[in-house]
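Shared between the two complexes below is chain A, which pairs with chain B and chain C, respectively.
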Partner chain A sequence: MDITVSGLIKGFGSFTALHGVDLDIHNGELMAILGPSGSGKTTLLRLLAGLEQPDAGTIRFGAKDVGGNLPGDRDVGFVFQHYALFRHMSVFENVAFGLRVRPRKTRPPEAEIRKRVNDLLNLVQVDWLTNRYPSQLSGGQRQRVALARALAIEPQVLLLDEPFGALDAKVRRELRRWLRDLHRRLGMTTVFVTHDQEEALDLADRVVVMGQGRVEQIGAPQELYDAPANAFVYRFLGETNELQASLHAGRVRVQNAPIAEAARIDLSGAIKEADGTLFVRPHLLALTPDPTGVATVTHVSLVGAMLRVEVETHDGQNLHVEIPRGPSIDLVPRPGERVSLMVRGGLFVAA
Partner chain B sequence: MMPPTEPRWVRYTLITVAMLFLTGLVVLPLLLVFAEALRQGLSAYFTALTDPDAWAAIKLTLLTAAVAVPLNLIFGVSAAWAITKFDFKGKSLLITLIDLPFSVSPVIGGLIFVLLFGLQGWFGPWLRANDIQILFTPIAIILATIFVTFPFVARELLPLMQEQGRQEEEAARVLGASGWQIFRRVTLPNIRWGLLYGVLLCNARAMGEFGAVSVVSGHIRGETNTMPLHVEIMYNEYAFTGAFAVASLLALLALVTLVAKSLLDAVLERREQRVP
Partner chain C sequence: MTSLPSPLDSPTLPPSPTYLRRWGWKRPSVLPGFGLTMGFTLFWLSLIVLIPLGGMILKTATLGWDAFFNAISTPRVLAALRLSIGGALIAAIINAVFGSIIAWVLVRYRFPGRRLADALVDIPFALPTAVAGIALTTLFAQNGWLGAPLDKLGIQVAYTPLGVIVALIFVGLPFVVRTVQPVLADLDPEIEEAALCLRASRWQTIRRVILPSLFPALVTGTALAFARAVGEYGSVIFIAGNLPMVSEIAPLLIVIKLEEFSYAEATAIGTVMLSFAFLMLLALNGLQRWSRRYEEA
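Presenting the complex of A and B:
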């Protein structure tokens, strides 16, 4: 099911949660809506489900405008952040609920309901918990039951609000992998909301980055990481260094020294002369030992595949540098050593 | 459990004081009610209860509770539902209004109805012209009782439903349930214990209310006397057995309510413990 959102505006009292959002979600896609808290990402998801009504704008499922449809008529499965399982019903009855509340004409017979629920509990691997109550389940198990309940009505679209937010780190990674497999198997259009960039970049086909009620950028994870559209996305996704810089005749200069010709610098806008900020990822900074260099090493971390070095420039900026570690560790800088820095790529944003 | 930090004599003094207070002010009077009621033997007791006026008072009290409690059940659930599940203008006003009967003296509650339906009241002339009598009839008694008891159910449900939030209802909506199905299958099972608790308290108050009912009743024997009013009349006429026999029924009702309430508390506690 393709979803087309255009010009969506939503306010709560004097607070505007969404300032005109446009978005295309492709059929069968696994899409993440990523943003800090207060960016309007959950509001957008709730509007898609019909749990909120927009002040302006349209939502289309396929060719059909679903603006007037109640949540129950939209054919969506929704998994709530805290699962919202029915606390007085067993796992089985939770999953069966969506089928049992159907009008008699479209309600499947009891035997079929049983079969469908058991199949779903099998699919989410909690078939051994059929008769338990939600309070007797762990967080990960609740999450799986909530998903089975949402899938029971055979929705066209699956919406998940912070699906892994309330779980501990290990269960989270496990469930993430499992959800990706499940999506591959079912091929259902799936949208999930998260504030965790790693989760979004790891799981989604495409990611919508939101900030303060606006879409900042939409793209594949790698696109977002390698070519952030603006300062917000640069800051929000991954680690970044911000250097004071200026633009002269189309060349970016840091501390009055033009940076190497070979560096790939994106310019936001078509300005020629300006002061501003140069955003550089830690792995796009290189350092070489140099007794007359502009920076001093302040900290070195040797754990993991990357050598992480913190340096301080002579005008007081703290920068992070990441260097892939080879099999040997011969060229490890030591705190206190002076180094020179080279920028290999980044984004210049005029102030 | 923390080891007691106060010296033994302090603990025992405090416990003794509390016990003496309770015995003197609650247990003794209660025992006295039953002792007085049964002073002239069981047969006098039952004769007093089956006296036509006493019997009429018992029936009127039951009728009043039977009308007031269900109405307040409906009102309380609707109000709590509206307040916790929707956002609307005037919400805080509604919450304040629900509390009003708690903060107003019951006598004032009764007086309101005199001002509305009395001969000199707002609707007085119209009611007289149409030959409708409300004041000094069971209708007035029921109205006054509803006024006094209407916070009980809503007040019991509000914190419970606030704590439970709206998410389960929203989940049910997305799954295609209708408003009635959501109420029947999701909301009601979640609030049933709180609801029962509220109904119990509401019922106890509906049967025991004196002030508001006294103002609107007119004290017509056999017609507009409820049990508490009947007790007062009998007592004033030195018919102690009659007064205490009916009073013992009211006390019994209070005891049953208390026992039911503690049983409910125990059930609720056990359910809480099941949640990890």
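Presenting the complex of A and C:
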């Protein structure tokens, strides 16, 4: 189901959580809402579910305005951050709940409920826990049960609030892969909220980056990483170095030295002359050993596929540089060595 | 006779430090305090609970079985026990319903005067029961603020079993509210939202989600209200009118027996009430265990 959100405003008392949000979610898409805490991402999700009512703006599911509808009338499945399982019900009864509370006329017969619930528990791979109570499950298992429960009412849209937030790193990666497979199999429009950029970029077809109640950028993960629309997105996604820079005659200069011709610099907006900040990803900075260079190596981390080097420029700025690591570790800079730096790409934002 | 070496003095095991092996069944702990506090607990429970109750049962035993049954099976005693226990049960059930609603409102909503309402709940705890009894009697007497209109409808409260129940509701209310309240406060509103998302109606949410979660606390609160009401004396005797066979409660009968110097008969009634209370607590404990079966196994 396509979801169209326009001009959504929501406040709580004197605090405005959303300042006019516009958003299109395509049918069958796996979409992430990414933002730091307080950015309004959970509020947006709860508005989509109908758990909150907007102060202004419209939400359409397909062609239908669902503005005044309660969650039950929206065909959404909602998975809560802390799962909100019914503690006094077994796993089976938790999943069956959505079927058992239907009005008598549309309630499936007991045999069919059994079959449906068992199928769902199979789907989320916890069929061996049917008779356990939520308190006897691990976090990952609870998450799967919560998902099965949400799917039991056959929703058109699946909404997940921080689905992996409360899990440890290993289970998180495992469940992430599993959720992606499940989405591929079911093809259901799915929206999840997260503050973990890696999770959003790894899992989603498209990501909405939110900051302070506004949508900062919407795009495919790679688009966001390679072409951040503004300083907020640049800072929020991935690591970045910020260099004092200025723009003269269409060329960006750092400390009065023009940047190499080959560098790909985005100029956000068409400005001619300005002082500002140049954002550079660690992997877009290159080092060459140079006894007369402008920077000194302060720290080198050798773990992983990247060499992570910290340098200090002669005017006291600390920069992070990432260099892909070869099979051997010969050409490793040592702390104390002088190096020269080259910028290979970045985003210039006028101050 | 040769003795086999006990596994305890096997030479391969290093001796554990003395503070870790004083008691066979005690879980070893480096934190001291068990012996002292357990001693106080046993001493205190004996002094305050066991010795008085034991004394009562001993006194009852001087009657012998026949005299015991004669003492407790007179119509007057049976009527009094029926009123005390039956009235307490009805009052406890009414408190369970309305106490839960009060707890719900106090926990879930913010309204002006909420703190005052919250404090009012404790009044029955704090007020001398005799004062409460006299106030209720004045209120429900035929010419009282509530008694007069009710009298026009043909309902008599003061000096009837109904009056006894009113007084018992009054004294039992805080028990239910104060046990349900914290559990309700811990109940995550998210589970109600989850039920809403699964298209449950409000009533289905209350019956299938909220009430089962509250049930253990509700049982405890109701049991406390009941236990308090069975033995309640001060607030009841004024409003009851104390007509033998009609509105005379068992604790009053005990006092009457004492005044007649029939001490053993008085303790006989007390023993019946004690056994009943004990059975009741046992049953409620079972019910509670059952209703908590889903908790950490």
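We take it that the second predicted complex is superposed on the first by the 351 of 351 C-alpha atoms of A that agree within 3 Å, B and C clash if a C-alpha of one lies under 4 Å from a C-alpha of the other, contacts with A are read in each partner's own complex, and residues count from 1 in each chain.
Operating definition for what follows: contacts are C-beta pairs under 8 Å (C-beta built on N, C-alpha and C of every residue); 3 or more make two chains touch, one makes a residue touch a chain.
Note that the coordinates shown come from a computational prediction; the quantities given were computed from them, not determined experimentally.
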item	value
Overlay on chain A: chain C relative to chain B, clash or fit	clash
First, second, both or neither for A:37, with chain B first and chain C second	neither
Partner chain(s) touched by A:222 [first = chain B, second = chain C, both, neither]	neither
Contacts of A:14 with chain B and chain C, given as first, second, both or neither	neither
Touched partner set for A:149, first chain B, second chain C, both or neither	both
Touching partner for A:97 - first (chain B), second (chain C), both, neither	both
Contacts of A:72 with chain B and chain C, given as first, second, both or neither	both
Chain C-contacting residues of chain A that also contact chain B	49, 51, 70-72, 76-78, 80, 82, 84-88, 97-98, 101-102, 133, 135-136, 149-150, 152-153
Chain A residues touching chain B - in the complex, by the definition given at the top	49-51, 70-73, 76-78, 80, 82, 84-88, 97-98, 101-102, 133, 135-136, 149-150, 152-153
Complex contacts: residues of chain B adjacent to chain A	167-168, 170-178, 181, 185-186, 189-190, 274-276
In the complex with chain A, residue positions of chain C that touch it	188, 190-191, 193-201, 204, 208-209, 212-213, 215, 293-297
Contacting residues of chain A [partner chain C, same complex]	49, 51, 70-72, 76-78, 80, 82, 84-90, 97-98, 100-102, 133-136, 149-150, 152-153
